[in-house]
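Two complexes follow with subunit A in common, the first pairing it with subunit B and the second with subunit C.
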Partner chain A sequence: MWDRIVQEAPDFFTYYNAIFVLQAMGRTLGLTVIGCVTGFIFGFAIAAIRSTRARALLPLRLLVTLYVEIFRRIPFLVILFIVMFGIQAVSRGISLFAIALISICMVSTAFMSEIIRAGMESVPKMQREAAEAMNFGFMRTLLLIILPQAWKVILPPGFAFMVMFIKDTALVSQMGVVELAFTGKMFVGRGFSPFLVYGTVLAGYFVMSYPLSRLGAYLENRLATSRSRESIQRVWTGPGPVQSEPVGEQG
Partner chain B sequence: MNLSVNKGEVISLIGPSGSGKSTFLRVLMGLLPPTAGEVRIDGGRIDYRSRAQLRAMRDRMAIVFQQYNLFQNMDVLRNVTIAPIKIKKRPRADVEREATALLLKVGLAEKHHAYPDELSGGQQQRVAIARALALKPEILLLDEVTAALDPELVTEVLDTIRSLASEGITMLIVSHEMAFVREVSTRVVMMDKGQIVEIGSPVEIFGSPKEARTREFVGKILRH
Partner chain C sequence: MNYTFQFGVVFAQLPYLLGGALLTLEVAFLSFWLGAVIGLFGALGKMYGGRAIRWLINAYVVFFTNTPALVQIFFLFYALPDVGVLLTPMTAVVIGMTLNSGAYLTDILRAGILSVRREEIETAQVLGMSGPQMVRFVILPHIAKTIYAPLSNFFIWLVLGSSMAAIFGVEELTGRAINISTQNLRTIETFAVIAVIYIALTFIASIALALVGRWAFRVRARIF
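Let's look at the complex of A and B:
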């Protein structure tokens, strides 16, 4: 195996193959980033709609809830094909990449909305009440009070989802979109060693997802430390016996 | 129940748990929908279903909660100034100057940039009072503001309220601190099962209650 890898490596790591793999990685990254950003925006909108209480918005609440519940329950691959055949029934001029992107956005919206909703619900109801008593409107309460507090609950599962999503985009290779996983299939088809090819693919996924995990960890940390100097010390003292610090003057 | 309050009065609501004291304050503030009855301010009836009227009324009142409910994501100064700046659209410099004075008044001049979770319960509640006062309310509602506090922290909060009472701000107080109620109230309202049992001066309610239910309640409370 090792001999074969060494032997094929010069033929495999050519300029054109590298460009091809990088382009495929770009497509994977594009699908993920656009999917997650769109998912975040629409997911936020859905979470916000679901947090309303006005009776007039009940049909809208039901509709978005139905959307979320359905799209979280269908396998991603099935959604891909439903969307593909659905769109192709209407128009044939839409690229596979666009169809894949639409499917990805629909799925990530459903999942992101649940992550954001859970974060928003982690903020005590009393915070909302205090804001209401001071005449804060819906959007001001959301943006000034709920979201800043929900953030630290949203971030960890949010980034976990994005990292997972990088890998899930591999499924769009099934409908013929040339992204990273697809290149693996293709090079193996050309006769290269599967170990060499999929080793490269693996490295590609790692290179994309690891920085994202690090970014998530960094943001979480920053969020925890941005408050005050004491809390920075608290975080960086690491494991070990918790030092009790005097917090304020106790009466 | 029927209750009218004059400007500058300090009304205390007492009664057993579940008698509807807090509910009454929450309905007044529009946090719970009223099922029946009416609220009038300066003779004008408030329609709680009208957003504009609800807003206008909340503009004239402020409430302090049992659990303080300070915004956890903001430091003390921002907690006090956010509503006047963002909601009432007043100039930041003015609001901050007033907030500084208010925080001095409640004894927290040093704590401008502390976050709520760095403060003791008594300190948080005093910030909450400063936050309510920064709204310049005509009526201040205090909903069991000392109930969640350790006994030794109660005094500092009561001292703050006492000084407000002497300044002539209209207050509706729900409290179980009978000695305090007796001292600061102009009138005391005894409630039970959602009804007003008796209204009277502190001397009347605590000294010579007319109703048997009041006598029973006050007797029980004062015995220990």
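Let's look at the complex of A and C:
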């Protein structure tokens, strides 16, 4: 095995292969970043809707909750299949990359909204009521009271989620989007040693996600409040790092 | 667009699909419990081991939590035959997911063990508890209460994650859906049906885990 790797290495680590892999990495990152940013925007809207209490908005709240629960409980691969065939039944002109992006945005919206909701709920209810008593409107309460306190709780799991999503986009390779995991398939198809190829692919993923997860861990230590931990533990958004927390302190 | 939905052909295959759901649960169970064993030793090694052991476990956790499980299994499945290790798809998936979940569970279990404070143990000693009593009445309930929610979430994540076994040809729920849809060409309907099965599966798992948690450890887990 070693002599095969050594023998193939000069053919494998060429300039054009490097560019190909880097482009694929860029596509993986692009999918992740666009997905997470879109997910953040829509997830924020969903969390805001779910935090309302007006009776008139009840159907909307139910609809949005249904969306979140459904998309958090279907495997990403299955969502990919449904979106791909659903879109192709409507039109043929959409690229695979766009289809992948759409399904990624749909999933990340659901997960991000849960993260943001947990952050919003970490702000004590009394403050919301106090704002109401002082005749603050919905937007003013959200922007001036809730968000300034909630962002500390939202950011660390947000980064943890992004790391998870870098890894989840690997499934997109199965429908033929040329991202990092797909390059692995392609190079193996060209006859390179799988050790070499998948080793490189794993290293590529590691290079992308390790700095992000370090950043997330740093933010978690830096921003952690006593409130943030209990509220995050109550929702699940995939396996993120769990902070050790003495249970006794909760009283 | 003029697409007529035909769910009948899919419903005819429902028993076959539900058999796949059993296999899905089996993969999730196996990788959860095997991963928990790795995680337990990992957590203990990370806390009480020497420098080399700690470094090794750290490297393992960092590597496996920062690379996709899919590519890890690709590596096991396609690269290991080069050194003479031939794995069936099922074993490759279970080994890959076990190694992956072992890394996550190391962190989760460590957080649980760390949450037991020295004062509690000292108090138990003052009360004259014996070693086994301390484990049974102080340490285990405390650890269970801390990590129960993350653990049950992780199990559900594993149920969903096991769908990637289909890519390697394991005939679990997603795999069987692919089989059916290549026969009846009703892809949207087939995958919509298995999506509902996945939702039902994880809902049942969530509710069951919440009930068990409430009954055994008095954890207030929430389902929604």
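Assume the second predicted complex is superposed on the first by the 216 of 251 C-alpha atoms of A that agree within 3 Å, B and C clash if a C-alpha of one lies under 4 Å from a C-alpha of the other, contacts with A are read in each partner's own complex, and residues count from 1 in each chain.
The criterion applied here is as follows: a residue touches a chain if its C-beta (ideal position, glycine included) is under 8 Å from a C-beta of that chain, and two chains touch if they have at least 3 such contacts.
Just so it is clear, the model here is predicted, and its values are computed rather than measured.
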| item | value |
| --- | --- |
| Subunit B or subunit C, by number of subunit A residues touched | C |
| Touched partner set for A:65, first subunit B, second subunit C, both or neither | second |
| Which superposed partner A:133 touches (first subunit B, second subunit C, both, neither) | first |
| Partner chain in contact with A:163 - subunit B first, subunit C second, else both or neither | second |
| Which of subunit B and subunit C A:148 touches, first, second, both or neither | first |
| Touched partner set for A:54, first subunit B, second subunit C, both or neither | neither |
| First, second, both or neither for A:78, with subunit B first and subunit C second | second |
| Overlapping contact positions on subunit A, where the subunit C interface meets the subunit B interface | 247-248 |
| Interfacial residue positions of subunit B with respect to subunit A in the complex | 29-31, 55, 58-59, 62-63, 65, 67, 69-73, 82-83, 86-87, 111, 113-115, 117-120, 122-123, 135, 150, 152-153, 156 |
| Subunit B-facing residues of subunit A, complex | 126-127, 129-136, 140, 144-145, 148-149, 227-228, 230, 247-251 |
| For the subunit C and subunit A complex, residues of the former touching the latter | 1, 3, 62-63, 65-72, 74-75, 78-79, 82-83, 104, 107-108, 110-112, 114-115, 117, 120, 142, 145-147, 149-150, 153-154, 156-157, 160-164, 166-167, 174, 177, 187-188, 191-192, 194-195, 198-199, 202-203, 222, 224 |
| Residues on subunit A engaged by subunit C in the complex (per definition of touch) | 1, 4, 65, 69-70, 73-79, 81-82, 85-86, 89-90, 163, 166-168, 170-171, 173-174, 181, 184-185, 188, 193-195, 198-199, 201-202, 205-206, 209-210, 213, 233-234, 236, 238-239, 241-248 |
